[in-house]
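What follows is a pair of complexes built around chain A, which joins chain B in one and chain C in the other.
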Partner chain A sequence: MSEEHEEHHTNYVKIWAILVVLLAISVAGPELEILWITLITAFGIAFVKAYIVVQKFMHLGDAPKFVTYVMVTCLVFMMLFIAGTASDIYKSNGENWYKIESEWQYMPPVAQHDEGHGAADEESH
Partner chain B sequence: MAELIPTQPDPGHEDDHHHGEQSFVSKYLLSTDHKVIAMQYMFTGMAMALIGGFMAYAFRMQLAFPGMDVPFFGIVTPANYVALVTNHGAIMIFWVAMPVLIAAFGNYLIPLMVGCDDMVFPKINRLSYQVFLVSAIVLLSSFFVEGGGFGGAWTTYPPLSAKAEYNLTPLGSSLFIGAVGIEFIAFLLGGINFITTAMNSRAPGMKLYDIPMVIWMIVIASILFMVSVGPLLAGAIMLIFDQQLHTAFYDPNRGGDPVLWQHLFWFFGHPEVYVVLLPAVGITAEIITVFSRKKLFAYRTVLNTAIGTGVLSFCVWAHHQFISGIDPRMANVFTLTTLLISIPIAEMMFVYIATLYGGAIRLTTPMLWALAFIFEFLIGGVTGIFLGASGADIYMHDTYFVLAHFHYTFFPIAIIGTYAGVTYWFPKMFGKMMSDRLGKLHFWGTIIPFNFIFIPLFFLGAGGQHRRIYDFQNFPALAGEGMQDLRILATVSLVVMLGFQVVFFYNFIISLMRGEKAGKNPWKANTLEWTAESPPPHGNWKVLPTVYRGPYEYSVPGREKDYWPQDEPN
Partner chain C sequence: MKPVATTRSAAGIPTGLLAVWWIVASEIVIFGGLLAAYLMYRLSHDAWAGHAANTNTAIGTVNTFVLLTSSLFAVLAHQAAEKGDGKKAARFLLFTIGGALCFLMIKGYEWNYEISHGMTITTNTFWSFYYTAAGIHASHVIAGAIIMAVVAKDAAKGLELQRVELIGIYWHFVDVVWIFLFPLLYIAK
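What follows is the complex of A and B.
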């Protein structure tokens, strides 16, 4: 038991190092400002990191199979819910799914409307 | 998982084994016995049903005779009216259908039908009931706080539900949402137990396809509930924040989105329909096989269609929102999935009819209820097709047509299904037979007025009568003589139906006191619960049974008896 524990312990540091390297790549990648590199380095590496965290830190790899099934089921239902609601909650023609319509329709007109708007936009990214 | 069946009483169980020494409190109020907890759920559910029925009586009287001083209630004010309508809906679904069909029957039947001595987690089970009781008290207390009970419909759509200046119930609305949230915690605790017990504690020899259908249905329903409830709980917390802390999750003035609540609510709300439907379908399966002395026509088909219904039920939720401003492209998708879901349900109905075909049908009281379930639910299902099609729904939405439709689904589920189950398992629960004559009187006295309540409402709804309106006399187009007559017909039928429920309670009590003693197996059924004593003692069996075959081996050729209990070695 203790040996196993030892093994896990070394694993943690190694995994942490891998995650740090991946983080560096995902920060550096979008700096090149090439679309497909940004997509791969930002989202692709996020998936890899999430997989490693779930598998190693959360011990899904050692857990019984059905724990994985439960987790996958949850993800599927989450995706289903987002797929069903995205067209209402987000607008494809807005600014990157920022719900801009509600903003201009209901916001009380203020003097620095454009500036405030821009700031809110930045936040949402 | 044989180690989960304790052959020696564990420390937590030990004091339960000395029945004589137990006080009333530890035996009936703090028991961890699944049968006692089932009875607690059932009697709480019945008490809530009486409250919900009384609410229906009060607001139906107002609709038929506007401004009348309703006997036993008084004048129904507009605020009373909306609070009654709202709480009637919530009580009947969350505090009657759920506790009775899932929690009471699940608790009672799962250990007895899979052949183990109790639930896997008896203390979680007890906690589940206690949390449930708290939720019921919280809900009822909302009527006695400042501003009164919440009246923004059981679907609690914001902004009406989110702002006290709109709904005028600053505390009632939060207590309402809070009660629903607490209740869901109770059923999550219960659901863990149901799934684990049915999957891990089965009697030796009971394979997955030997599990009685009602147990499968309760397990599938529990899974549906557990998967769907998360978004609503999160949404409910956000709604309480909106109400009490003045956040703006659903406030369009401040960038919130009221349609988001509708998505969160119905993502739970539609699977919820199947959560309560499936156990009723399972109860019906047990009853029609016993009383037609036939094997269930297609066991695996019913099981697979139930799973298919469960999966599809997650893909249909926005059909409740066709006119709430959702993306019209999504309306196409949800119309398609909604019409698709009628296929597995229809398949189940066909299997039941095929089971009945050529059987030696005995029209006992439980069988009458089961047949009525099939027939009445069919009406509910068929009228759902009108509403599932987005084009027709634009006209029908929020009319009494919708109301009549879902009462034709929920009444068969919650009331007919419950009566079928109670009359069928009463001999096992209490060791006495119920009077068949009184049972039939109660049956016809319930079914006939039920149809006279809701068939008029289909016509009123198609005629344009909207829901949640206090007094139709204010709308000249809806206040005509003919329409008012239909309303009076519905109300009078309701009063007659509620009156006939006295027969049931009389039958219940008189059978408990003076009923004919039921043997172990009065219906000559196959499933394991009928091999235990009636009523089963704590621990259910002295020696836990072993299973040799499936649950529906009736009228097997070449056998002397027309039934073949699951635990009988060849």
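What follows is the complex of A and C.
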């Protein structure tokens, strides 16, 4: 209990400020349009932010160990289920079926939407 | 008589707290599956980069900031509740609800713009994912705000202060989900 008490004297405003700085980096990084920087700043930092929120705001570390095990087990099983369907997701066709999405064309941004490309309209039918 | 969720702790933590962690565990499967499916489709369909170019990064950034700030208020409410200050905890919970409303209003504006420009849930699979993921998340924001209002009402009278931590854990999880949705929907273009 005393440990928990100490933990909850954390300077939460400081942690929030760190999260906001990380948010700024995650938005600014991808502007450089370099793939590895985008991956690190956008997705790497998302994991860091999530870890900070889980540890410092949700206080997962204060909960009994089995709580963490339950969370990790759910995560692992979810990934197993997804992995089980991944082989179908990545195929564009099979016996007597094919994915309509594989025929998709690039849909231009909104600003160019009225220039007659019509990709979005074709897809909606 | 106090409810079982408050008085019993057969698993080493109060039953109410255990129940919230169970909810979070089930939500991990729901949102995790959604995000993982999105990621798989995104990686196997280059056209999705073009669709994602239509989402508004500035709006996504502001909404992320709003949710992070509301999480700060939620944890400050928990801190106040631990000190037995129900009124302060209720006030911070109301700030958190304010954050939720702000998030929903921005989301409403964003969706209104997108739908009016022809990007609807039936336009293609990208937009189906977009509206499904953001919609399920927004429904959790609405549920959290309603529960927080109920908790704040009692907390203001100094009652059931342990509930402040419980709703806080749920709220932070909603924040964590958005932390992952944000780069997927708004940054990976």
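Heads up, the rule we're going with is that the second predicted complex is superposed on the first by the 80 of 125 C-alpha atoms of A that agree within 3 Å, B and C clash if a C-alpha of one lies under 4 Å from a C-alpha of the other, contacts with A are read in each partner's own complex, and residues count from 1 in each chain.
Here, contacts are C-beta pairs under 8 Å (C-beta built on N, C-alpha and C of every residue); 3 or more make two chains touch, one makes a residue touch a chain.
Bear in mind the structure is a predicted one, so any value in this text is a computation, not a measurement.
Once chain A of one complex is fitted onto chain A of the other, the partner contacts of A:P64 are limited to chain C, with no touch recorded for chain B. In the superposed pair of complexes, A:F77 makes contact with chain B and with chain C alike.
With both structures placed on the common chain, the touch criterion links A:I89 to chain B and to chain C.
In the superposed three-chain model, the partner touching more residues of chain A is C, compared with the other of chain B and chain C. Looking at the shared chain after the overlay, A:I34 reaches neither chain B nor chain C. Shared-chain residue A:L19: touches chain C; no touch with chain B. Taken together, the two structures place residues 73-74, 77, 81, 89, 106 of chain A in contact with chain B in one case and with chain C in the other. Touching chain A in their complex are the following residues of chain C: 11-13, 17-18, 21-22, 24-26, 28-29, 32-33, 36-37, 40-41, 44-47, 50-51, 53-54, 57, 61, 64-65, 68-69, 71-72, 74-76, 78-79, 82, 117-119, 122-125, 168-169, 172-173, 175-176, 179-180, 182-183, 187-189.
Chain B makes touch with chain A in their complex at residues 227, 231, 252-255, 257, 259-260, 263, 267, 314-315, 317-318, 325-327, 329-330, 333-334. Those residues of chain A lying in contact with chain B across their complex are 73-74, 77, 80-81, 84-85, 87-89, 99, 102-103, 106.
Interface of chain A with chain C (complex): residues 5, 8, 12-13, 15-16, 19-20, 23, 26-27, 30, 38, 42-43, 46, 49-50, 53-54, 56-58, 63-64, 66-67, 70-71, 73-75, 77-79, 81-82, 86, 89-90, 101, 104-110, 113, 120, 123-124.
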